[in-house]
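The letters A, B, C and D name the chains in turn, as written, and every chain counts its residues from 1.
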Amino acid sequence: MVVVMRSQANDADVDKVVKAISEVGGDAFVSRGKNQTIIGLVGDVTQFTELPLHAFPGVEDVIRVSKPYKLVSNDAHPRPSTVWVGDVPIGRDTMTLIAGPCAVETEEQTEGACRMAVEAGAKILRGGAYKPRTSPYAFQGLGEPGLDIIHAVARDLDMPFVTEVVTTADVETVAAKADMLQVGARNMQNFQLLKEVGMAGKPVLLKRGLTATIDEWIMAAEYIAHTGNLQVVLCERGIRTYEPATRNTLDVSAVPVAQSLTHLPVIIDPSHSGGKRELVMPLIKAGIAVGADGIIVDVHPRPEVALCDGPQALVKDDIVQLRETVVRYAEAAERTLPTSDTPRREGAWGRSAAG
Amino acid sequence: MVVVMRSQANDADVDKVVKAISEVGGDAFVSRGKNQTIIGLVGDVTQFTELPLHAFPGVEDVIRVSKPYKLVSNDAHPRPSTVWVGDVPIGRDTMTLIAGPCAVETEEQTEGACRMAVEAGAKILRGGAYKPRTSPYAFQGLGEPGLDIIHAVARDLDMPFVTEVVTTADVETVAAKADMLQVGARNMQNFQLLKEVGMAGKPVLLKRGLTATIDEWIMAAEYIAHTGNLQVVLCERGIRTYEPATRNTLDVSAVPVAQSLTHLPVIIDPSHSGGKRELVMPLIKAGIAVGADGIIVDVHPRPEVALCDGPQALVKDDIVQLRETVVRYAEAAERTLPTSDTPRREGAWGRSAAG
Amino acid sequence: MVVVMRSQANDADVDKVVKAISEVGGDAFVSRGKNQTIIGLVGDVTQFTELPLHAFPGVEDVIRVSKPYKLVSNDAHPRPSTVWVGDVPIGRDTMTLIAGPCAVETEEQTEGACRMAVEAGAKILRGGAYKPRTSPYAFQGLGEPGLDIIHAVARDLDMPFVTEVVTTADVETVAAKADMLQVGARNMQNFQLLKEVGMAGKPVLLKRGLTATIDEWIMAAEYIAHTGNLQVVLCERGIRTYEPATRNTLDVSAVPVAQSLTHLPVIIDPSHSGGKRELVMPLIKAGIAVGADGIIVDVHPRPEVALCDGPQALVKDDIVQLRETVVRYAEAAERTLPTSDTPRREGAWGRSAAG
Amino acid sequence: MVVVMRSQANDADVDKVVKAISEVGGDAFVSRGKNQTIIGLVGDVTQFTELPLHAFPGVEDVIRVSKPYKLVSNDAHPRPSTVWVGDVPIGRDTMTLIAGPCAVETEEQTEGACRMAVEAGAKILRGGAYKPRTSPYAFQGLGEPGLDIIHAVARDLDMPFVTEVVTTADVETVAAKADMLQVGARNMQNFQLLKEVGMAGKPVLLKRGLTATIDEWIMAAEYIAHTGNLQVVLCERGIRTYEPATRNTLDVSAVPVAQSLTHLPVIIDPSHSGGKRELVMPLIKAGIAVGADGIIVDVHPRPEVALCDGPQALVKDDIVQLRETVVRYAEAAERTLPTSDTPRREGAWGRSAAG
């Protein structure tokens, strides 16, 4: 860290900072300029972060120059992790497609959507039983019966599935059936939920908050890792900007940036960022090209009757193109698609290669 | 609502929309232009919102023109509400100061900060026992012992207090002691928490999410109101923008805008938006001037040892200025300050004038 | 357009709007609901836009539902345009690489960078002689001598080049030598410059403003088109968001969105958005994959001595990878690269296929 | 400045930075930590800014800790400046009201609006003859005839006036008649215009760009100051955020922040930020309360026929309230209003107290 002193700060002010740092076991190097003094802090940053240096007399600014996270940092694990969801890997060498309905509505719709997902080449299913909705008057998801539906369909198809959990009270129920727990964008800083989801021991799909910086997103992953669970997959799903033409702005740069800072896999969600069906395919291509380790996409057999986010779901006519697009761009990106040849690992549901 | 058809849409597409609307009991008026057809929807909007009109063939856009909320709308209650916290009102005629420590750290610090609050003219105390922190390595609050400290100090001073609740599991514990429950910015769309906080029956201080639109913020209030609890006070605390000079950008316009849409009181938090002590006083002035029904502010007896947000707390030297500033600007704004002359209402802790 | 009346508006207010519309030759369809009346306006929108409907009594909101631009709209030209820069096309079937130094510094540096560009497969050169800089103390470009340098190098290599013009006074000088004029992000709403650049008759590269909506960007193109010059190429170069990890956030969605609204080619600039060398290659891939009609990229023989934006320039070691990346992703995107087989068109410098 | 080295950087990389700094006459202090080395740079920052340190091997980040501007910095002039427009001061002790029509449309409308301004207590008139408009089809202002109208009205009323100049070609014409030149938000980084406006020698009203950081805004003022003209007044007029309820978000914090960094006066424009008449008065109050040195506001005798921005203009019925509001809040803010008692300074049109 660097402490920048005000131009009016005196020697006593500088000494106070130096003393505080040495008291927590750090070293402070003072650069005294004509107009301004800068103090470089060296040592265990966790200690310094807790010091209220900003409130010290004569301090103008405190600038952090090192990463605030440890367990998920690639300083700790220089080799990228692979997170296994059931027997399906998500990691730097592969390109894993996750697909299914946004919300579980009926058995028929869920099965229809999941069969579309399989046809498109998805290796992991998705389907929401608990839906966080902006309006109390909107469809809130089927809850546990919905969980049972997606669970039954996934087991029939012999595939793992991911589903969102929106409150700590449901973590145990969901973790008993789902192969991966999703923490949604709105809950990215619901710290108690992060902790309990982490302790459930299943892989976690952590969506980036609508307005979270990349650092805050990775810190949320650190909360999960802090419970001992390193099976975290980061998911970029668009950020809130001033641009009204799209629901959110997909921040593709976040993929290489996050990959350069952590050892965790990073995937993208093109459905919720664009908010329009016609943007989904271009954003899938952009996501794979920019280096995403996976794609999570909504499909729906009959979007015109969907209870949630129908306008952005891919439909039956899109499935062949989706499959071919993923194959073509994964090849350009020198990624392999997990296939039946990928060694099935018995009993490896939710095992992290990082462990 | 208005449905805008694509220029290529045909009569069958238009008929499909009209039919769907009439099936849910609404009326659809078709405006047919040379290039474009527009359909005006009239009736109970709640019905239309649920229809996936965006996914209908030929539909280009669906524009909402009426408010998505009901219970907190001033269409429902044209007269502004007063929310009573203990025997202290927050409403359109008064200017209520809430002050105290950001976080409860020790008995001594809490008592010191609360005495500063009283001296400054605060009528409600604040103090956080459960703190949502970006880093798992940062001070997370004292939890229940912290709640006991602020409770004891408040009772000693015979004042009501507000404190944050960060997870559903703590609602009951906190509601048993606090006079007002705060839902923080990061939890504004933690819908399960909104519901349970609402059901606790105490007044609620609902902070605006860092990146929430005013409509989303009011919809979060509607979640609480939907549980039958209309004692909600909205709190603007700064939004996330591209500007790095301030921690957040205090959106003062949000005060008159929210006041024109709902009957709920709206207050501002100048401490967490500016992020710097020297901005707190100017922002308090701006907040009262723009028409806020109250101000919530951090004070700390010794910010240089604060465990949380020390740099933005007002200190002892600021207290006289704070008191005088509130008096002077409340007068300019033609507001009265709740005083000992305000009729004490026995047993009225948490009673809403809107009820 | 749609006019939304306030709930308190009376019949006279509605009539006033209807009358004003019919006076400018439009039709107004009234949808009268219980709580709210909506008026759909049909006819020539240009007329309505000029009416101060927002200020009419009883009017709550005026919503535009049709495009505000005409000449660059794909309603006018449903077939995408190809803009020719010299004998090099930029359009929907091809993927055109533009490369060169950010700023012209010396003959040697410019020639070195341009040779790197050729080696990478660029068909158009870039190089700035006039640089808009945030600080008056920063290098402002060589001006006319710089223009002469890039002109000489381009002619030596028998290639067209694009260069920025920052003020109306320089338009004639620059247009006399350059094959394409660039309007930078900061000047996107410098309307007088747009007009004079348009009248110069050369193809124009129009960068999106840091904070421009897609609609505002296309309206800026309409200003150029309004002078009779339809040879406009739109360039997405990143928008300003709250995220500090990247200089700007490359809005890849803007490419398909703009392509769905206008007939103009749309390219991306990965150098200025990411602001870091390691992000350039991933963003080039994302840009081609999302459907960009071209890429414009900075290269520098010795970035460690660059006078402008050195950190984001590709270097010699990147050139082979750049060439191969463009080839591989253009193939995945089913685009052809303009080659020597593309029929050379004598005297076609700056001829638009849209004409 | 502070240079942060990558963890992999070696001694040679560090030496290279130190050497480069000493070559331009600066001192470099090296803080060597276990994981990271930080180099504090001390000396004349203008030299360092030009060094492409970001592109040096082993450099991770370069952090500026001192202000990039000099002439407008309050390090240079610790005492706040007063800018005189005609014989009217704008500075820290006074609260100066500027009012008039957004655009000059007709003699009658201009005179009507200016008389309203006088009645409201304005000491400087405003009125735009050259209007930057998003659409080429919108009213572009009357140009020179419009300038003549506002000039004649102002002289009749014996008051100074400010008007916008949008292109370098018009600077001379406008400066010959106007008492203060306005550079609009869209032109804030039109650097050539800044230079020529500066050289015209008249006071300049510099609006903040829609998306400009406070630092960039002050740097734009530095461009003007660099021509030798220190008579610059900064004007906050709302920034672009994600919030759709207001046209722009008025950043009131920018007032105290800019006042703490420069010696220039800072005013606010409540008309263009809110975009709605009902927000103008609350924002005027907030602006005065937060410490603005002046307010610039649109008034219109008949906004329902306004050719530009009618919805946000104050009308005749608002005038008494405007005058009383300014008086009441200026008093709360301990500011005086310039009156006829303020010593008239013969021949002092456009004289800066900072000179």
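Everything that follows uses one rule, which is that a residue touches a chain if its C-beta (ideal position, glycine included) is under 8 Å from a C-beta of that chain, and two chains touch if they have at least 3 such contacts.
Note that the structure is predicted; figures quoted are calculated from it, not measured.
Among the remaining chains, those touching chain A and also chain B are C, D. Chain centres here are C-alpha means, and the one lying farthest from chain C is B. One finds 28 Å separating the Cα centroids of chain C and chain D. If you average the Cα atoms of chain B and of chain C, the two centres end up 41 Å apart. The distance from the centre of chain A to the centre of chain C, with each centre set as the mean of the Cα atoms, comes to 32 Å.
The set of chain A residues touching two or more other chains comprises 211, 240-242, 244.
Here chain D touches chain C in the complex through residues 46, 49-50, 52, 54-57, 68-69, 132-139, 166-169, 186-187, 189-193, 209-211, 216, 219, 222-223, 226, 240, 303-307, 310-311, 313, going by the rule given at the top.
Taken together, the chain D residues at the contact with chain B in this complex read 211, 213-215, 239, 241-246, 249-257, 260, 273-274, 278-279, 282-283, 285-291, 328-329, 331-333. Those residues of chain B whose C-beta lies close enough to touch chain C in the complex are 2, 4, 7, 27, 29-36, 38, 40-43, 60-61, 63, 65-66, 75, 240-242, 244.
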